[in-house]
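For clarity, chains are labelled A, B, C and D in written order, and residue numbers in each chain start from 1.
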Amino acid sequence: MSEAQFPPAHPFDDDKLKEECGVFGVVGVTDAANFVALGLHALQHRGQEAGGIVSYAPDAGFNSARRFGYVRDNFTKQSLMETLPGALSIGHVRYSTAGSKAAAIRDVQPFFGEFSMGGAAIAHNGNITNADALRRELIERGSIFQSSSDSECIIHLMARSLQRNIPSRMEDALRRVEGAFSVVAMTRTKLIGVRDPLGVRPLVLGKIGDGWALSSETCALDIIGAEFVREIEPGEMVVITAEGGVESSHPFRPQPSRFCIFEHVYFSRPDSIIGGRSVYETRRQIGVELAREAPVEADLVCAVPDSGTPAAIGFAHESGIPFGMGIIRNQYMGRTFIEPTEQIRNMGVRLKLNVNRALIRGKRVILVDDSVVRGTTSRKIKEMILDAGAAEVHFRIASPPTAWPCFYGVDTPQREKLLAATMSEDEMCQHLGVDSLKFISLDGLYRAAGEAEGRNAKCPQYCDACFSGEYPVKPADMIEKGFQMKAAE
Amino acid sequence: MSEAQFPPAHPFDDDKLKEECGVFGVVGVTDAANFVALGLHALQHRGQEAGGIVSYAPDAGFNSARRFGYVRDNFTKQSLMETLPGALSIGHVRYSTAGSKAAAIRDVQPFFGEFSMGGAAIAHNGNITNADALRRELIERGSIFQSSSDSECIIHLMARSLQRNIPSRMEDALRRVEGAFSVVAMTRTKLIGVRDPLGVRPLVLGKIGDGWALSSETCALDIIGAEFVREIEPGEMVVITAEGGVESSHPFRPQPSRFCIFEHVYFSRPDSIIGGRSVYETRRQIGVELAREAPVEADLVCAVPDSGTPAAIGFAHESGIPFGMGIIRNQYMGRTFIEPTEQIRNMGVRLKLNVNRALIRGKRVILVDDSVVRGTTSRKIKEMILDAGAAEVHFRIASPPTAWPCFYGVDTPQREKLLAATMSEDEMCQHLGVDSLKFISLDGLYRAAGEAEGRNAKCPQYCDACFSGEYPVKPADMIEKGFQMKAAE
Amino acid sequence: MSEAQFPPAHPFDDDKLKEECGVFGVVGVTDAANFVALGLHALQHRGQEAGGIVSYAPDAGFNSARRFGYVRDNFTKQSLMETLPGALSIGHVRYSTAGSKAAAIRDVQPFFGEFSMGGAAIAHNGNITNADALRRELIERGSIFQSSSDSECIIHLMARSLQRNIPSRMEDALRRVEGAFSVVAMTRTKLIGVRDPLGVRPLVLGKIGDGWALSSETCALDIIGAEFVREIEPGEMVVITAEGGVESSHPFRPQPSRFCIFEHVYFSRPDSIIGGRSVYETRRQIGVELAREAPVEADLVCAVPDSGTPAAIGFAHESGIPFGMGIIRNQYMGRTFIEPTEQIRNMGVRLKLNVNRALIRGKRVILVDDSVVRGTTSRKIKEMILDAGAAEVHFRIASPPTAWPCFYGVDTPQREKLLAATMSEDEMCQHLGVDSLKFISLDGLYRAAGEAEGRNAKCPQYCDACFSGEYPVKPADMIEKGFQMKAAE
Amino acid sequence: MSEAQFPPAHPFDDDKLKEECGVFGVVGVTDAANFVALGLHALQHRGQEAGGIVSYAPDAGFNSARRFGYVRDNFTKQSLMETLPGALSIGHVRYSTAGSKAAAIRDVQPFFGEFSMGGAAIAHNGNITNADALRRELIERGSIFQSSSDSECIIHLMARSLQRNIPSRMEDALRRVEGAFSVVAMTRTKLIGVRDPLGVRPLVLGKIGDGWALSSETCALDIIGAEFVREIEPGEMVVITAEGGVESSHPFRPQPSRFCIFEHVYFSRPDSIIGGRSVYETRRQIGVELAREAPVEADLVCAVPDSGTPAAIGFAHESGIPFGMGIIRNQYMGRTFIEPTEQIRNMGVRLKLNVNRALIRGKRVILVDDSVVRGTTSRKIKEMILDAGAAEVHFRIASPPTAWPCFYGVDTPQREKLLAATMSEDEMCQHLGVDSLKFISLDGLYRAAGEAEGRNAKCPQYCDACFSGEYPVKPADMIEKGFQMKAAE
């Protein structure tokens, strides 16, 4: 599998937090797998490494296809899609975790298990925080794991459940599991959706013709022309059949929800609706809040494309400083060109971006980016902007300092690699060599996300562990591996 | 070569005029082909179907690699690039013409010829308007053509020239050729650049270390860190060696220049500098002119991404109406998904775009697009916008009505397929079903492009044949095939 | 995976019994996987569909590569072989069973399981006759099967064993298994070999430098320059380490051995030594016995190449009739050419064979073939021979009539498809339209295989179920599916 | 194009003379290209590197496909064959010459030229001995060569001919050409075949239904069920149409024919008929002559498979010593396995052959091979035979010592690499370390080829330059490059 087949998701994807998965499923429509392919295509931003689809038809049984690379490059071939017949289908796109070894196709979901009462397939978005312990226990009892994925625990727990139907086995399994999970699963007749009690990762329900769809985000309902019905609630399980419709239950102990606030900042697509709010509008509003919190005199507001654009538009609008395209993104990104012998400065960045020199020259520029993770890309962009003749460079960041790793389904560097874990805002400003650097405050972010009073420190409305270090679920496996939680205050 | 390997250049590339080529060359740098690969990557928007690179090294001779697909997918492999050694190299990216049969690798440039005094390779951007006649004459005399490309005539004319050196043979050849051409060529020691007397297509000169570069656009100089020196002049020929520098001559009869104005509107990248002007700034200014020429009361200015964005920003700025991202582009475009049995309305468009429903709903929307060609896409976008609940839709087009085909290196539909060839502005408005539709005037476009007095009707400063039907070079082959020119007024 | 990548193993492989597997393993040599690749290449005749290799190195852990197609096309690539480091490695080549659906990579062995005391990989040649029942039982208890292969039962039985080391777990597992098995397995430190109590399938031990090898046949020891030490005995288990050498045990209840006699007739390579006998010599001797049992006046003895050649040589020698190459095999076999519109008679056969017309014309020809399965190919060859002008055609078959399917690791058609299951020798002769047809007798075959007294009817020295219908292990799964065993006499 | 896709033609193909081409064409049959694919498959032994097919249909024009690799791997795909419609088609298989650089697809025939009266395609078997001079002259006049092939001169000479129809242009062209050629060509309506005046390379005519076929060998007529009509005569040109049948002419000055005698020894398939003789029978008779000329006491006659087998059968028959399969060929040859760290002696040979140890042990073995070129393989085989315990090894070679390179379409090493160019028979025997070594005499070879009186020294009946150094056509280009011809006696 050549590297060139994995064009990067984002110009600086090695300096971003990365959502690890998107899930999608439909029931009650002819050739369901074709809908799933479209849905996964719309969720491609949630995972570019690989994708898989499982379908079921009474005369063909369960069929599965898992492939590395983009949905558009694999699940568009007639010859492949014909192997996935039936009116019931689920799919998954994934991003590999940073630390893992070379990806193996056996790590690509959905995972499938044949039980005595029939088969089941599952697709999981999130991360199981006690997976290591569960895995040890299951192996001890004779389960054979086929992947290195934490998600595989769920299907083994189901295989060993004493329940006599698959939804009940899934309840059994998920009650043993800790962490964040939005699961889409299927049996021969049922489409199943579950969200963990905190509702960390998104999952929505749509209606398409006589059938139903489950999706990580509403933008994937749009692509297949499905109507957005509602979000699956935190802790809710829905079991859907074409004939019987949606049966809802709440198998877990209720808890206050803690949806991932970074979905608003960066992970979700701006045209999705989350928690009743437009992601685009939230991001634009972050720009407005930033302009209020950290104003600066300047000539031009630019975005680091594309994720910084809505906040930049909001900043420009609030500040009255004109918005312009100071950085142009190459639409045909690639990151593996062979470096010519004569060194090209910042070649990696140049492959993805170019400065609009004529616009930038002589101007005081406000650059709006969504986040600072390692800071390596921010430095390079600053250099390019200055090389192009900018008079001043002011960074405005649409999220608070990212100081803690996420253990709920997001690929984050180790804590010591996070710039904000070791430096104050001033030190970062100096480190990046910019004229000013300001992050939005946690309260500002909550306000932009619709919480007029800001963050409720006693019982935060969102999971913001990456900013606050307050983890709503104890990361058990990581603590066993030596991770130090923030000292209680 | 599967279809999936050709992701489209632009969300609506089947409803756009398409530049057919980009050319690039360097001399005097180690591993020149690696620089050419980078340059072609930056010019990928000028041709996505295929690319080719030729290099020369004294101990390895001429070597060539021509491939279908993106530069990033082919010319990034160590194993391939190692077959292209040397300090002198040229390359080409191309788009196939609409009417041609299935593309053949033999149509991919650069073309190469071995002459008695050594080999030469050429890469051509533009179109030869008397190629059919030249081809017939050359075949009659015993030349064997290997491709269906008009550009191959040049190398055969060179082969038959009685001149004793290759630059002189190229002069001989290009004097026989009519039409538009920006050529980058190479011998064993020289890098050669030529522009036709009208200078229809762009070509610029850059300096990199001790060496030199020729490129269709300045953005490709930026990617390799080369300094932009100047444009090659219309009718100029430069012969460059690493040691001797740039020798300039003007082998053709001088004429007033007629640069392609559509390069400003759409073909060139916004971060390129053309004719001393920023393409981005011209486009933004088009939006300003549009807002003056065709104002309308509305709540929101949106762009059809990405090419309409600078003009939309300009329109918003001039009109005071807020700019917003009403249409979100899928970053992982694809166009060949299998249509599920239950019809999805406007599926082709949905694969590429989604409406930002929360932003659009209830609003009077101004939609800025760069051009209207067939109009098919405009209709679909209008439908999506209305489905999402917009109150009104007003189209503002950043170019005059495209009523005539281009014969100078751009892929245009036949005249009868051009919406503006058969309908007035009002008819188009009705046909598209929008609340209003306005194109920028030809004078407005010229003003935005820096001609304060607008278009000089007696002697237009640009080639605008696609708008005006006034062809600066008679399209001889097309007339022979029955094309009717506009009656003289 | 295009069909063209699976050139057939034998010119008439759709009309042959097919051995389903070959196994190979080495311990105690640097880069063990390279030796395994060579060994599998020498065993390719035992399975052409797919191959797999697992290796272990202390610093790299277990690594695995499984591929469709020939060993020479996959396991010769530096980039792949570098992923298989270590001094301990096993491998497997396989043929798919006739009835199975499109092959899946997950059915390709070796199979791997991670247990609490470490990982193990197994490669299995043979067939488990109670696999269906075992599978049901294991699923009932929560095992998740990944393949459709009977061999996977072994690794799940091992996973559930209460023994604390892997060789003991393998004993546990194999005691639950019925049928034929020659297994090569590995842990992090040990190479393990086992043969079932009847010793139906072959397995031999070799010495290479300071290390050891296990192989289905001796010809694969030759290719790596290993010395043939001895056969693994029926019912024997060997556990081999680089330091400790070979530890032998006999974990099963002893039984008289029943080696597959068809290994002598067709499966094994003629240059292998089996049971102390040269396969080539046995086959030549079959020809001698045939000439004695079924002489006929003729001008020429020919073989159906290549497997009939040794018997043809023996027949010619014994009868005094000259041996000649009457049928020439195409060395570049293929079976999927597109049939031209004008029908070519016997096109399938012509792709593989051509008659040596000049030699055949006017002659009375004895044609020696190894077996008659469906008889379809025999008919076509007869036609080609007669078309070429032969005066008479006499078939002499180097095995008794194949009247019963094999359930011990050989791909045979259903009983009703076997020509000999429904016709007498005379009827077959008439059906094939030949001048005479004679099979070697069962006693003659045993004599040729070294049993001077012929077959011991009370306690046959070999498994000859395909000829006699006497199955030494009850085919439990098949009986459950309705297979009728021969009535006891 | 990975190496693994080129499995070798013959176990020791790096130590053999290699025929460089096979040609085939049909006219007057529906879907002619499918017949050509079959014919080329039957001629694959004449060239394994690449193949090409051109077809013509009135509504589709000329179409062409050229591919590296085996015919069976390329021209069996429906999708490819559908691009080659029409009732007229020609094809070519080729072997690259030893000295050439990495093969390029542009060197793969048929070559095509568009002339003013229509297109023509040609496929050439042989070698043009004045190609360098012709090429220089053509380039001087403005022809552009696309390949490094000598054969391309023919199409350029045709392009420049003043004749008004293509067959006449071909006559013009071939009269300028020196050397050996059997050409199959096609226009839009005609299939054309030509042999050079000496008739060095073969070409035969066949009848298939209402149509006609031309082929290098009769074995390719057999595969498509065509009837062998006659050989094309030396110096003959046939122009064939579906309606008008075969028109014959003799455009060259008549000369006594000099067919390549090595076609009998090795190049042609044993089931072909050449010059009215069975190739198999000639080879068998060589063995008979060898047994008479060079008898030796021994226990066993073996062939180096597969090409030595007919002569070994003849030797065994004449000498009364039994024939046996002492060397077993691996049917799945490969030559690129990665050598394990611990050296395997003669690994290259082991991948292709294995000694039948049980048969060889203790015996005095006569080994019959077709030729000795470099001698490297002979040494290795001798070592393997002795390692296996043979008592004596006697080589008998079915051709005279190969002491001179061929310049007529055969790939031979430079003269100094030919063992027989520098050593006497005795020295070679010592060099190879065998108990005896004997080559057949030139007269013996001629007798076996049907010349009862042996070779006519004044006017040899065959071309035997590789044995005698007497070149019937002066190798002009090679002499210019410094090749020293044998001094006149």
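To be clear about the criterion, a contact is a pair of C-beta atoms (placed from the backbone, for glycine too) under 8 Å apart; a residue touches a chain by one contact, two chains touch by 3 or more.
All values derive from a computational prediction rather than experimental measurement.
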item	value
Partner chains that subunit A and subunit C have in common	none
Target subunit D, source subunit B, minimum contact steps	1
Identity of the chain that, by mean CA position, is farthest from subunit B	C
Whole-Å separation of chain centres (CA-atom averages), subunit A against subunit D	62
Between subunit B and subunit A, distance of the C-alpha-averaged centres to the nearest whole Å	36
Rounded Å distance, subunit B centre to subunit C centre (Cα mean)	62
Sequence positions of subunit C contacting 2 or more other chains	none
Listing of all chain pairs that touch each other, if any do	A-B, A-C, B-D, C-D
Parts of subunit A lying in touch with subunit C, wherever the complex brings them together	113-116, 136, 139-146, 155-156, 159-160
Complex contacts: residues of subunit B adjacent to subunit A	2-5, 7, 9, 29-32, 34-35, 37-38, 41-42, 44-45, 48, 70-78, 81, 208-209, 219, 222-225, 269-271, 273, 277-278, 280-281, 284, 306, 309-310, 313, 317, 322-325, 328, 330-334, 336-342, 344-345, 347, 350-351, 354-359
